[in-house]
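In the part that follows, the structures are each spelled out as structure tokens.
The following pair of complexes shares a single chain, chain A, combined with chain B in the former and chain C in the latter.
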Partner chain A sequence: MAEARTGALRPYMAIVSVRFRMLLQYRSAAIAGLFTQVVFGLVLIMIYEAFYRSAPAAAQPMTFPQLASYVWLGQALLAMLPWNLDAEVRTMVRTGAVAYELCRPIDLYGLWYARAVAQRTAPTILRAAPMAVLATVGMPLLGLGEWRLTPPASLAAGAGFAVALGCALALGCAISTLINISLMWTVAADGIVIVTVTLVSFLSGMLIPLPLFPEWAQAALRWLPFAGLVDLPFRIYTGHIAIGGLVPVLARQLGWTIALVVLGRWLIGRGMRRIVVQGG
Partner chain B sequence: MPDALRLYAHYVRVSIRSQLQYRASLVMSAIGVFLVTASEFVAVWALFDRFGQVRGWTLPEIALFYGMISITWALCDALGRGFEVFGTMIKEGNFDRLLLRPRSTVLQLLGQELTLRRVGRLAQGILVLGYAASAGTIDWSLPRAVLLVASIACGVCAFLGVIVLQATSAFWTVDSLEVWNAFTYGGVTMSQYPLAIYRSWFRALFTYVIPLGCVNYLPGVAILGRADPLGTPAFVGWVAPLAGPVFLILCLQVWRIGVRHYRSTGS
Partner chain C sequence: MPQIVVEGLVKTFQVAERTPGLWGAVRGLARRTYRTVRALDGVSFAIERGELVGYIGPNGAGKSTTVKTLAGILVPDAGRCEVAGRVPWTQRIAHVAEIGVVFGQRTQLWWDLPVVESFELLRDIYRVPQARYERARDTMIALLDLEALLDVPVRQLSLGQRMRCDLAAALLHAPAILFLDEPTIGLDAVSKLAVRDFIKRLNRDEGVTVILTTHDMDDIEALCTRVMVIASGKILSDGTLTELRARVTRERWLTVDLVDAAAAIDEADATVIRRDGHRVCLAFDPQVVAPAELIRRVTSHHAIRDLFVENPPIEAVVARLYAAHGEQ
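And then the complex of A and B:
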């Protein structure tokens, strides 16, 4: 039984690993990106530091070390967010090559989801580790110890973060795949990509940490799917959400993931029914 | 010189006409850029809603720096597209064609494209600046309005200088490097807040090396009529923007060295 299951998963694993090796080719771009992200991290931290130094502790929803860690984690894991669509899927839909996808003896949604997993993890793995090292060790060496990325709040918080990050990836890929599916209605796709990018960056915590938004907005922010991409895992890491709160966080992430996968499967079925491939 | 301007105007006309071929896509991406940048300002508002002020600066004051740099970068980004994608041009060997034409390479690259979708950021910048201008913190006068416009023009020069350097580096590295984004996009983010809130080494970098502080923060302080908390004398804000064009001239010299150094990839 277990063997049959790995057998069924094998084509998807193959897709992930092939895409992965392709995307890992862009190493020098990753190094250049690293420098840029360090500069961005520094600018953001200096801005928050200025705000923190001008306001009483009552206005500070998280401690400064927690905030600095939040910023660095964001810079390290930037590539994991569902920002953009898969350019190859776009070409496939435009040229009609998407018809070949239908000939493959595997489920189309699963195929595109697997592509999204590769697209989100390969650049993240390249960037995250060096970024984390720079932010943890490099900052104190530069004499900027108070701005560094601190280790997880506890061993349990670290483990909880790893699990929540896995769920964030699953959720992000569900959103990515939805964006790619929207390409089947090409005219609408540009608009959908733009709206998604705005929502993702604004409501996930990537633009500013969600706890810094006004108190009245907090409940709504927490229940939207986007917090599960960035904010919730990061707050588990820093201990801003105690490890006891892990289960509701995971429940929210997985609940949204399942909902979006179901939606995506339904849409892809409808999209495929209306797609017309020109012969010739 | 008038001949060059006529040619540039022609380039611009061609570029605009070609972009208008995809009108729906153009409108959509302009709206998109507007939405993304507008949400960024909402985030700034949220920070002020929570903290009240930053080192004694209020939201309308920040909006002046923010609006100025947004407009500046939108204009530069629209004008300098040719330099921004220069890495690809080198890689594909297309720069050779430019060298064969009896016109300056700078003029031809500027004429590559006037990117219309940047209008989204421009609109956001104008709105934010409008808020700053009408919030009652600025005592408007003709010289101040002139300084505002001049600083934006000088700021466009400063940013153009950075992207000329970015393009020049492609002569050596073939691909144009993302490193420069730290000074363009990073410079925009940095300039949205007064330079005074940053650490001194960082201020020095963005004043003496890349003069973004000279075209944004210093004239901004003069327009606000505030004393600079860093203690620069009041007149400095009125002359500092000139650092922008000076910087651009220096960068164009570096560009010239790069062109002399150029060896085609042959592809």
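And then the complex of A and C:
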């Protein structure tokens, strides 16, 4: 039984593996990104500190240490957000060569999703470990101990975070794949990237943690898929979401992931028919 | 029971029309006019297991469209098609797992991977058991002389090398049917011979059914006993090469390079079909006047720098076939 299952996933695991290994080669980009992200993290924390100092401490939705950890987690895991296109898919669709992918005995959605998995994990792995070290150990060394990344609120929080992060990855890949699928309808790829980057950064809580949004906005944002990418896992880590509240959070993440995968599969079928109809 | 059955395939494409100029562009925003192109117009044929069939025709005739339909990439508008008992586009994944396809103008390998890694990725995609994969891989390496190319990234290969690798890649999962869409296009003479030799052996020794679309008549003459001719989406001829030639024309062409470009040529039993400065092309029927005899006559009447005798190019044969068909 296990044999059959591995057999079924074998092509997709191979695709993830090959692309993953290829993306790991982009080390200089990771190092450059690291530097930028440290600066960005520091700037964000400085801004929040200024706001916190100027307002009464009791009124804040999140404690400052929680906020600092949240920011550093965001920088460490930035590459996991669905912010960029798959350049190869874009070329494939634009030239119509995507039709040739149908010569392979694999499901096209599965192929693109596997590519997204590699694209979301390889750069993250390159950046997350050094960022985490810098944020945990480096900050106190710089005399900025108050701004450091603190460990998870509890063991259970850590475990919950790991699960939520896995789900966030699946969700991010589903969104990523949807963005790539949208290329089948429009050649304006740059426009899509700009819109997506804005939406994702803002609505996921990457720039501003969702608890800091006005009350009326928070309710809406909680129900959008993007919250599951950043806000939910990070707040589990910092203990802002209590262990008891884990199940509904994870359910929402999972629900959105499944919904977006189903949507993606349906759309890719429509997109392929469109492309195939105009074939060469 | 034929392995491949095609009946009445019809495929039309809508090509957007654009009136030239600024006004045309503006109007195009509001209303798009489309021109219908009938790429396949009732194509029918049947192929038995183990045949090596040539599929020829002019550009835009519908060769690639047929191959893509048989591969399951395109869905026809009408008609029936069965390959090894399956309908290609409804059972796509099961169908493509049993066929191999090589598109001459596009590689199926991964651009930035070394060749052998592409092979391994294909092994996983087609779920080939390791032992079977190794046997197929080693056979291909030996037959196509790929040893030196295994660690080279595909983007660094020459066209001839890449084609050999593409052929090997298409056969790693031991398909029963191989579609070759212009495999020798752009190849140098040595590579062409290597590819042809490989295909012939594959068909003869392994019994792989091969459908070969090509512009190159030499490919056909070297490999195929059966040839199908398609033009404007219709099959015009389906039989042996000799039958095809005999059916259309016995004509051969004699081209001479005159010393005196202004000389008038007027030979009995031969028609001047083209005149280009020094070069004159004469069409003749070898059963009316033997080539050697015509050469003797021409060279005795004119001073000649060079000459050669050839069959009319396939495009001319097919154009004539189509014209004859059109008159029926």
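FYI, the second predicted complex is superposed on the first by the 266 of 280 C-alpha atoms of A that agree within 3 Å, B and C clash if a C-alpha of one lies under 4 Å from a C-alpha of the other, contacts with A are read in each partner's own complex, and residues count from 1 in each chain.
Convention: a contact is a pair of C-beta atoms (placed from the backbone, for glycine too) under 8 Å apart; a residue touches a chain by one contact, two chains touch by 3 or more.
The model shown is predicted, which means the values in this text are computed figures rather than measured ones.
Undergrad: Tell me which partner A:P214 touches in the superposition: chain B (first), chain C (second), both or neither.
TA: First partner only, chain B.
Undergrad: Check the contacts made with chain A and report whether chain B or chain C touches more of its residues.
TA: It is B that touches the greater number of chain A residues.
Undergrad: Touch test for A:S201: chain B only (first), chain C only (second), both, or neither?
TA: Touch status of A:S201: first partner only.
Undergrad: With both complexes superposed on chain A, which partner does A:M22 reach: first (chain B), second (chain C), both or neither?
TA: In the superposed model, A:M22 contacts chain C only, not chain B.
Undergrad: Is A:I106 touching anything from chain B or chain C once the two structures are fitted on A? First, second, both or neither.
TA: Only chain C; A:I106 stays clear of chain B.
Undergrad: Quick one: classify A:A32 as touching chain B (first), chain C (second), both or neither.
TA: first
Undergrad: Would you tell me which residues of chain A are touching chain C in their complex?
TA: Interface residues on the chain A side: 7, 10-11, 13-15, 18, 22, 97, 99-100, 102-107, 273, 276-280.
Undergrad: Under the touch definition given earlier, write down the residues of chain B that touch chain A in their complex.
TA: Where chain B meets chain A, its residues are 24-25, 28-29, 31-32, 35-36, 39-40, 42-43, 46-47, 49-56, 175, 177-179, 181-182, 185-186, 189-190, 193, 197-199, 202.
Undergrad: In their complex, what parts of chain A are in touch with chain B?
TA: Contact set of chain A toward chain B: 28-29, 32-33, 35-36, 39-40, 42-44, 46-47, 50-55, 59, 61, 187, 190-191, 193-195, 197-198, 201-202, 207-208, 212-214.
Undergrad: Mind listing the chain C positions that touch chain A in their complex?
TA: Going through chain C, the ones touching chain A are 13-14, 64-65, 68, 71-75, 92-94, 96-97, 101, 103, 106, 108, 110, 112-113, 117, 120-121, 124-127.
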